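Following this message is one structure expressed as structure tokens.
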Amino acid sequence: MIVITVVLLGKLADLAGAPTLTLPAPSSAPLDWAGVLAALPPALADAADDPRNRVAANGALLADKAELQAGAGDEIALLPPVSGG
Amino acid sequence: MIVITVVLLGKLADLAGAPTLTLPAPSSAPLDWAGVLAALPPALADAADDPRNRVAANGALLADKAELQAGAGDEIALLPPVSGG
Amino acid sequence: MRDIRLLDQMLVPGTLIGPFAQANPGLGGVCTFVGEVRCDAKEQGGVEALELSHYEPLTLPGMHALADRAFARFTLMGLLMVHRVGVLYPGEPIVCVSAAALHRRDAIDAVDFCMDHLKSAAWFWKREKRADGWHWIEPRADDTRDLARW
Amino acid sequence: MRDIRLLDQMLVPGTLIGPFAQANPGLGGVCTFVGEVRCDAKEQGGVEALELSHYEPLTLPGMHALADRAFARFTLMGLLMVHRVGVLYPGEPIVCVSAAALHRRDAIDAVDFCMDHLKSAAWFWKREKRADGWHWIEPRADDTRDLARW
């Protein structure tokens, strides 16, 4: 696989118009959080940058978005705060 | 009716060998708590005198057994503490 | 919807809970507690049967008074409180309390409150049949502790 | 007996609760909470539908981790935790949590604990359809208050 899959949850999926996006995997260094934001459409990148959002890489929550190092075949999930009820 | 009905609950019914007893209604002054105890078989009177027991007259709990004034047709219930569980 | 009952036949929670939820349209949550007769560990002498006696003029009014307190204290749409009397066997349901409310906290707290108070509000005398015969069950310290929570 | 599930079809509590109680022989009590989709007051714009989305790799493991905590904290015989996903309509059950235990307090507290923590332990995103379209539901202050109880 030469892509990174970005899974969008909640209102981020609405903004993107789709539940997933694919980004081309970088050929050299892995993609970090700034790199993901830069690769997203501007309106979606703005919303994704909300500090309340969490990020998971391959199903595991990251304690800090700065840890993100994504390569080909990885799945990144962008998780807005969960809803009250 | 010329009797007072005594309803026995819990272990008092066991001791009495029956769920109810009848006492002759006094012809003069109404029966008070001491009068009821005196009219019961001794072993049952001993058990009934446990201060944890409550007394109801005609379905109403008495705050104090000293209030008891029973006459012909009245129903007195002797209520041991209710069970845990 | 208020349904407060003493039952001298088998208590089947499924036949009570579904209709109760149906009878409270618009509810947000229903909490239900069902208590069953336990068969205690063999070492303690297994319970073969449990008999509950009640005093009609006090027991049911006591349950109604408890229901009044629950309705006054919590924001409830409905309350079901059904208690068995008579002889029961291990595994049989003995009590079912269900509360329907717009909000979860009211439903859960009302059931908790009713269960903690049921034994002191309603007069039941219980005896257990073990291998060596029938034994009256005495009041427990736990019950007082549960009441001190409210 | 442990039964933790996400369900994308109609949740029928009666079909879950009976078998769950049966699967825990010797229990003393079962507490069950069923939450339903509320139809809010007309003035607020009635809810026509609710959609729950989840993220498979996090949501179910979150429910299992919560079940682990409940088993560690309370003395339980069984725990059932079933949550709907997908589109639901007002009056439909959205969550069913049931705990079986030897003692009443464990069963009631475990259900209360699971319900308070479910929203933070399992990841669900909800949106409501009202007359003017779909609206995402934001986190609420109440949820934090409920968690502070434990």
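Miscellaneous remarks
The chains carry the letters A, B, C and D, assigned in the order they are written, with residues numbered from 1 in each.
We take it that contacts are C-beta pairs under 8 Å (C-beta built on N, C-alpha and C of every residue); 3 or more make two chains touch, one makes a residue touch a chain.
Because the structure is predicted, anything quoted here is derived from the model rather than measured.
Listing every chain that touches chain A and chain C alike gives D.
In terms of the distance between Cα centroids, chain D is separated most widely from B.
With each centre defined as the average position of its C-alpha atoms, the distance from chain C to chain D rounds to 24 Å. Separation between the centroids of chain A and chain B, computed from CA atoms only, is 78 Å. Note on chain placement: the centre of chain B and the centre of chain D lie 51 Å apart, centres being C-alpha means. Centre-to-centre separation of chain B and chain C, using mean CA positions: 28 Å. Multi-chain contact residues of chain C (touching two or more other chains): none found. Counting only residues that touch two or more partner chains, chain A has none.
Contacting chain pairs (ordered by label): A-D, B-C, C-D. Across the complex, chain D meets chain C through its residues 13-14, 17-18, 21, 25-36, 38-39, 91, 102, 104-105, 107-108, 111-112, 115, 146.
Those residues of chain C lying in contact with chain B across their complex are 53, 55, 57-58, 119-120, 123-127, 136-140, 142-143.
For chain A in complex with chain D, the residues that touch the partner chain are 7, 9-11, 13-14, 56, 58-61, 77, 79-85.
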